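Chain IDs A, B, C, D, E and F follow the sequence of writing; residue 1 opens each chain.
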Amino acid sequence: METHRAKRIEIMIETPALRRVRRALEQAGVRGYSILPVQGGYGRTGSWSGEGEVSIASNMDLVWCIVAEARAEAVVDAVFSVVDRQIGIVTISDCEVVRRDRF
Amino acid sequence: MSETLALAGQNLLSPIVLAFALGLVAALARSDLTIPEAMAKGLSIYLLFAIGLKGGVEVAATGLNASIGLGLLAGVVLSTTLPLLAYLLLRLLSRLDPVNAAAVAGHYGSISIVTFVAATSLLQSVGVSFEGWLVAVAAVMEAPAILTALWLAGRANNNGNGGMPWREISLNGSIVLLIGAFLIGWAVGPAGMAEVEGFFTIPFKGILCLFLLDMGLVAGRGLRNGARHLRPGLIGFGILMPLVGGLIGAVTGWLIGLSTGGVAILATLSASASYIAVPAAMRVALPQANPAIYLTLALGVTFPFNLAFGITLYLLMARWLTGG
Amino acid sequence: MSETLALAGQNLLSPIVLAFALGLVAALARSDLTIPEAMAKGLSIYLLFAIGLKGGVEVAATGLNASIGLGLLAGVVLSTTLPLLAYLLLRLLSRLDPVNAAAVAGHYGSISIVTFVAATSLLQSVGVSFEGWLVAVAAVMEAPAILTALWLAGRANNNGNGGMPWREISLNGSIVLLIGAFLIGWAVGPAGMAEVEGFFTIPFKGILCLFLLDMGLVAGRGLRNGARHLRPGLIGFGILMPLVGGLIGAVTGWLIGLSTGGVAILATLSASASYIAVPAAMRVALPQANPAIYLTLALGVTFPFNLAFGITLYLLMARWLTGG
Amino acid sequence: MSETLALAGQNLLSPIVLAFALGLVAALARSDLTIPEAMAKGLSIYLLFAIGLKGGVEVAATGLNASIGLGLLAGVVLSTTLPLLAYLLLRLLSRLDPVNAAAVAGHYGSISIVTFVAATSLLQSVGVSFEGWLVAVAAVMEAPAILTALWLAGRANNNGNGGMPWREISLNGSIVLLIGAFLIGWAVGPAGMAEVEGFFTIPFKGILCLFLLDMGLVAGRGLRNGARHLRPGLIGFGILMPLVGGLIGAVTGWLIGLSTGGVAILATLSASASYIAVPAAMRVALPQANPAIYLTLALGVTFPFNLAFGITLYLLMARWLTGG
Amino acid sequence: METHRAKRIEIMIETPALRRVRRALEQAGVRGYSILPVQGGYGRTGSWSGEGEVSIASNMDLVWCIVAEARAEAVVDAVFSVVDRQIGIVTISDCEVVRRDRF
Amino acid sequence: METHRAKRIEIMIETPALRRVRRALEQAGVRGYSILPVQGGYGRTGSWSGEGEVSIASNMDLVWCIVAEARAEAVVDAVFSVVDRQIGIVTISDCEVVRRDRF
């Protein structure tokens, strides 16, 4: 199977700021992204857990986005302008994808 | 006096307060008891819908009391101004920096709907009625405090706020649900309510028990995680502020002519601190503020205080003011 | 005439229709109000179980009406043939390509169980009874339409369908639950029902309210996302098809000798469009079809139309046909 | 004899047993019917809270029976020693290796709370009462068996156990909830219960139905996945052990002077096998043991057996022993 | 700690087609895989969210599968034969794992 | 945007053992980690699914942890001492992150 190089951008972001990250990604022209739930974690502000929570205030989400290598930098810049003020984490890594036309 | 103690005892031994205590103890003891997130959200949706509906049905039944306009206005004013008082008290009592103080202050101008429900449950068990439209007042009190908090934070800190979280505020789900259910109740009236009371009335108090069990678990977990932030000055604030806010709310209610029950409810709303709408807005608008501080204070200190003692006191204040 | 209007008004002002409207408005206004997925699925499981059970208990109580065999047969025939009509209408009214038209058509041969429930709720509030075994007819109508849709798509497009989704169709959870609960109701009869009616009857209508709130939210979100696909021809189809389907269903019901309520129910089933079983099967069997089109049409156009106006009309049709 | 058959039939045709059967059949037939995890956990929390509460309220109403101390002691002894018997039987009947045998044995010393609930539901429908504090006995029986199992496994296998899972055992959520609700019920008594029975009593049996539907689905899925581990010897154990355990429990209950209902309940507790607390503890403390074996046996063999036949037999044993 | 090179295959797939992907993976002889829930996303067909959904029709899932390098290509081929007709995304990336015997 | 090399450690672990993994990570001095729910899977012991489950006994979770390259080995060692006896999987892969100060 022929594969193509692409970038996987993963953004761990506070749920209340998710709407802004989504808008930034869409404006940066990504072809798609997916959101994975996160159920708890630990960081400088201590531990949190989504269990029993009515408020989304301490929740995080993971945005999982496959982009063509050429676009990756522009997308990261766009996202970072939102994430900068939040506690979110932006990671980029290499991957191979099977269909190039999708990214 | 003995009547006061009886009232306090009755409240403390109610299933809902004990359910909260169970959750609190379980979480502090690090039990692995947890309520699934979807269930907690579901219980909250149920409660909001049920109390909105009941308020609306009440209004349909009794007609609009003349003071509803005044009541809504009072709600907005209280929500807008209580954070100023809270900010002042915080700066006096604790060494919290301005941005965190502003964030905390915003929570105390807004309201906690489950404290409202606990108060209505107490009123009901002692046979005191209240104006149904106070549900709408609760809804209008949720958001204005956020703006005051952001203004306070902006004064302290010129750069880098996240901009006004207008969307986050104006279409907050819990406000929409409360107002929407209120309007539905108003439209369908007692006849419509009769069709659905098998779900929205009969099991209400039991469902509230499970919700308070969950609140106890969340509060206990918050306390364990945030305890190191709770210096004595902050704890003092978390207990003093609801008393002062409650008194201001009670006097306001009395001035605008509410019934005894209504005064107790407005006092409770003023005394309570938000744990849903405000923290989420703060996370976007004031990301520099530490959530462990405002969540622990609102949920770990003020909520339990109000549940265990506050609502009894606000009812006593209301009786004393109105002679009811 | 004025009776007709009264009926329509009574339906429009019922708590369940208003709850749907609240959800729809909240979603269109981009409120962040959402119902957790697990809660929505839980409500749906409750409703399926409760109506299956009631249907079975009814059959246990009244015995099998002679027309049950005819009724099941009619259900299969309607589900199999209505998609052909829908396909024709779609191709006439809109420019939808054959594959998407086939996918949409499949939804209209199948049924929406919550529309069924809303109709039974209307019947109940006007005191009209219906044959309990129509629940089983609802179940058998879920799937055959899928096969017709795939046959239509295959005619249009020789290559590349996903193969028959037999497993997806035959053991679809909602069909299993409906039939299973029906059989349980039949086995335990009224005495067994008495044991569990504190859960399956008393809170039923209130739970339906919350479910319709959720449906409104999902429909509103779907409309916002899919609005650009809704050209006028498609919207026209989304309203015309239930009317035509409802009429066919009503006449069929009258021909096989159903009661007034039964005719109204069979009309409702024929008029309603699936939003659970069929879309999932289409996603596997016709991946080329665009889900935004069929979901928006079924959930955003036809469902609200049926809820607000359709079921009232089908009841009127039934009265007119049966003279009931 | 015919009375016995009538009792068995009444149990087999109860909505809760049929709901379990529906789930089992649906899962074995590979239907995609599933209950969301959050809903299953929510139902379980509801059941634990409701039965804890009822037990406590009963104690508040009738006072503490003198035998409660004896009952708790008996519970601890049964839970500690039944695994020894189970281990012996297992080694005789099957070729299970020592570590897996120890893990399985631990499950049979502990209890299944839903089997307990099913038994109380049968008792209620035949009008037999039982000691409310047996809920507390159920709670104390959950954990000791784990220690015996680990001791057995340690004997067999000197290296590499995961250390005592003290935290996992002592603050297990289901034990905390059961005991906590029991204490709340005791504190609030019948008056407090009256406030919340619209939720904890009226819909109880219906909610139990949905929970058993879920148990059936999970058991069926487990059987499909674990069937290859179920050699005849193991299946034999899964049916013999509850009978022997039930008899021992019944005799113990009779010796400590329980009522007929109480004897049936203690027999049921002894006969039932844990599917919540013990498997989770085993996963940490005995990771070498295969979960497919112990889960399939407890949930796929013993639970259905107890539900369909066991609890009827334990009631008969109790009647025979107490002459009740 | 000694580590071994392996491949992480991640498949974003429509929930209704998940059963087919699972079968393909099992037939291709993978030693294991795990399924992560996805709660929403955005793509050419617009946005979707699992919230409030009764139907799984618009849901996606993420299949997370660690395989030995040598098997990776065969696994990707097997999966792709299912995914081809769906909208799913197949990505492959490098990772190190601690225990080789598991993959 | 300037990025920095880091390691992504992903640990698939049985839920009953999650508490121990968390403690190990915290004692190893990670700055943060997040926990993603897993809803089902397949392995040597057969298939499992979280659906309908009251018990967490057969559940797994995915711990997602970004660490500085220099710390990665120590963290993996610490985690592995817990995971060793469990069936968990520990994977390590490269990524780029935007803010170095967070890891």
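By definition in this document, a residue touches a chain if its C-beta (ideal position, glycine included) is under 8 Å from a C-beta of that chain, and two chains touch if they have at least 3 such contacts.
Predicted model, so just to flag it, every value in this text is computed and none were measured.
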| item | value |
| --- | --- |
| Other chains in touch with both chain D and chain E | C, F |
| Lowest number of touching-chain links that must be crossed from chain B to chain E | 2 |
| Chain separated most widely from chain A, comparing mean CA positions | D |
| Remotest chain, chain F as reference, centres from CA atoms | C |
| Chain C and chain F, separation of their C-alpha mean positions in angstrom | 45 |
| Rounded Å distance, chain D centre to chain F centre (Cα mean) | 34 |
| Distance from chain E to chain A - Cα centre to Cα centre, in angstrom | 18 |
| Sites on chain D at which at least two other chains make contact | 34-39, 41-42, 167-168, 202-203 |
| Multi-partner residues of chain E (each touching 2 or more other chains) | 36-37, 39, 93-94 |
| Chain-to-chain touches, reported pairwise for every pair that qualifies | A-B, A-E, A-F, B-C, B-D, C-D, C-E, D-F, E-F |
| Chain E-touching residues of chain C, taken from the complex the two chains share | 34-37, 40-41, 43-44, 160, 162, 167-168, 214, 217-218, 221, 225-226, 275-277, 279-284, 287, 290-292, 295 |
| Of chain F, residues touching chain D in the complex | 14-17, 19-20, 39, 45-58, 85-87 |
| Interface residues, chain D side, partner chain C - complex | 13-15, 18-19, 22, 25-26, 29-39, 42, 125, 201-207, 209-210, 213 |
| Residues of chain A touching chain E in the complex | 1, 3, 6, 8, 22, 25-26, 30-37, 61, 64, 66, 93-99, 102 |
| Touching residues (chain side chain B, partner chain C) in the complex | 36-39, 41-42, 45-46, 49, 53, 167-168, 171-174, 176-177, 180-181, 183-184, 187-188, 192-193, 195-200, 202-203 |
